[in-house]
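Sharing a structure with you now.
Note that the chains take the letters A, B, C and D in the order they are written out, and that residue 1 is the start of every chain.
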């Protein structure tokens, strides 16, 4: 199976998080692609930190409005019901708990649901942008990421070694290998990617995983 | 001379405070009437606490817009350049020092320029509205008031006995008897109303008055 | 976008005894008279109201006071309603006064998910009584706490079903702030327009802040021009 | 209403060495590239910049960095400008990072004439380092201080001569906040319209906040769509 197929399936799986009635913020990178798998008939409102609610589909170069980008810099469009506002209102919406769901990328996620996704000291510290406020204040925070980093190390760890974005904020993790819930007792393996065994996932994960049943559903 | 003539002259005198280029807030009551004596060709911007810059002339009942009042409850109109905003932006403008001049009413003004204009304990304490913020933060605060209260007592006093709106905020006082400046050394008699003597004003004033010259100009 | 339209009865039936309720409006403009009238009809009691003023006798807030539904009022000025003043003076209504811009800012601070702010407004006056003073950068500041509510009643000119709102003229006042600050934001709107009909740049309150939109069938006399 | 129109040379000649300057914009939209270019031409140095980001290489803020005019940058994210990252890593540029909404709120707080606010954002992270923590209503809060500036550079779509402004789409971002927060607010506008042509309900920044309006004769390439 090609990597791109697996990625597609993990994104499609994460897209099931997005339910009718929600206001949703999708982080830069993989999470942004979740929008492709949300049905246009599902009544949801996408939020972008730079001051948009009701973000419309992205546009190619030739059709772009130079003044209409999302927080990741992609040219986007308006929908019936789109609103523009300033950055203070945008983050008021975040901190006041009006973002029902955010899907974020990650460098590391700990057993306790701590998230690190903004700094690799000495290598890459460009600033946190709006990630801390989303991680700390969105009603539900899930992570969508590759299971392993570029060096092949597990991103799912006992304790984050990188600077935290926010502690105890992640509810669920979607990777190309598994779907994992964060609960009081630790991390629970909920689903595994097609073609993998539970042992494959456990061997690739630097945190203990609770295995609730013998037959883990496949995505 | 009729009282109404005197009042008209004091309001007209106070209107000279309003200079080209200013953003001005006029308090409820007498100060509101200052607008009548500002030439329509003078480029000024009137501010109202309930969320208007560029307040236009007041309108009679038959022509009123039910949604367009000033902070005193009068029906007003729009001008080219009028803007509407919320109460937080309105007072941001006040506290940030964007109101060049406010003309306020008064119960008492002290020798030190303290202003009391919001509460008479036991008799009338309806709340301060926006007066404290205007008194404390407008770039220039002047008072327009009758010299004596309804019982014939001086409103200009050594120390305010009423709860303060703000200490040390008043720069100048316009009354039906005099124009008085507040300076480091105390109160200075600047002008007197036509037909009155300096002694008349001194006798009606419960604060010492500095008399800078023998011939005080008349308004 | 999600659809948030409900009937006025449904919307107000969510209010429970003892709830805190923010009411938009400065005088008549922006006051949600129809939502208030329905609250009078349903009769929930022990309420804490947060509103700039207490309206005038015979209008809006006054009906709630007359009906004995209000325990406490957080406000800036009640001088135009002698019932409110008398209830306060007789000890039958707890009134907390704020400076007007400070009330606006306390509400917005809650709406921004923050806990308080630092100001020198009123620091040397009676209104500073009981407030904590701290020194920041060599400057004495009062700590003003954020003010949230269980419910907000909002009056808009235009609303779409998702809750994007536009206000009219000076009817804006406290409405956009309260629409951010309450846990449950109920909007009455003179016109329900198709989603997309309010231009994205003209929307004063974006839909995500709003929970319920109530269409108004007709405006009561209270919304009209007051003859003085 | 007063007339505030000046030439771009006059407007920028007010900036002095060592001044603090806020720049609107999030990426390209809302960045006042023409005002920045004139600041590069005039060459004032020792500046503290406050901007969401450092633009990309070869655009806006990058010209000021390349020209050595900037001592300090207060920002949320500089990942798209490797010059900024390298200058920071080499100790040649002081960078203060804020969480994005906290930067917005610190600017707005200054614009509202307040001195700071209380929040729990970042309280258990490295960004809390050096900030004062107090307890209010049993809750641990960071004190975030207000952030003002000597000057703000604002990019508007429409402006009238009094400084009433309307922004375009996501070009709003930090512009309305900075237009409140600086002592001297300089606006460049794509279109200067007759006073009254922006509807009172559509004005994003009311004229009293603005000091100078600069008409733009033409937009540079930097304002265009970026081909990636």
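Simple rule for what comes next: a residue touches a chain if its C-beta (ideal position, glycine included) is under 8 Å from a C-beta of that chain, and two chains touch if they have at least 3 such contacts.
The shown structure was predicted, so the numbers you read here are calculated from the model rather than taken from an experiment.
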item: Cα-centroid distance, chain B relative to chain D, in whole angstrom; value: 36
item: Chain C and chain D: spacing of chain centres that average the CA atoms, whole Å; value: 32
item: Distance from chain C to chain B - Cα centre to Cα centre, in angstrom; value: 29
item: Overlap residues in chain C, where contacts from two or more other chains coincide; value: 105, 108, 112-114, 119-120, 167-169, 200-201, 204
item: Overlap residues in chain B, where contacts from two or more other chains coincide; value: 78, 84-85, 88, 91-92, 94-95, 137
item: Pairwise touch network: line, ring, star, complete, or other; value: other
item: Inter-chain touch pairs (all); value: A-C, A-D, B-C, B-D, C-D
item: Touching residues on chain A, where the partner in the complex is chain C; value: 20-23, 43-45, 47, 53-54, 78-85, 88-89, 91-99, 137
item: Residues on chain C engaged by chain B in the complex (per definition of touch); value: 26-30, 52, 75-80, 85, 95, 97, 99-105, 107-108, 119-122, 124-127, 157, 167-177, 204, 223-228
item: Interfacial residue positions of chain B with respect to chain C in the complex; value: 48-52, 61, 64-71, 73, 75, 78, 84-88, 90-92, 94-95, 119, 124, 126-130, 132-133, 136-137, 163-167
item: Chain C - residues contacting chain A, complex; value: 1-3, 108, 110-114, 160, 162, 164, 180-181, 194-196, 200-201, 203, 206-209
item: Chain D residues within the chain C interface of the complex; value: 105, 109, 112-120, 132, 134, 136-137, 139, 141, 143, 145, 166-169, 200-202, 204
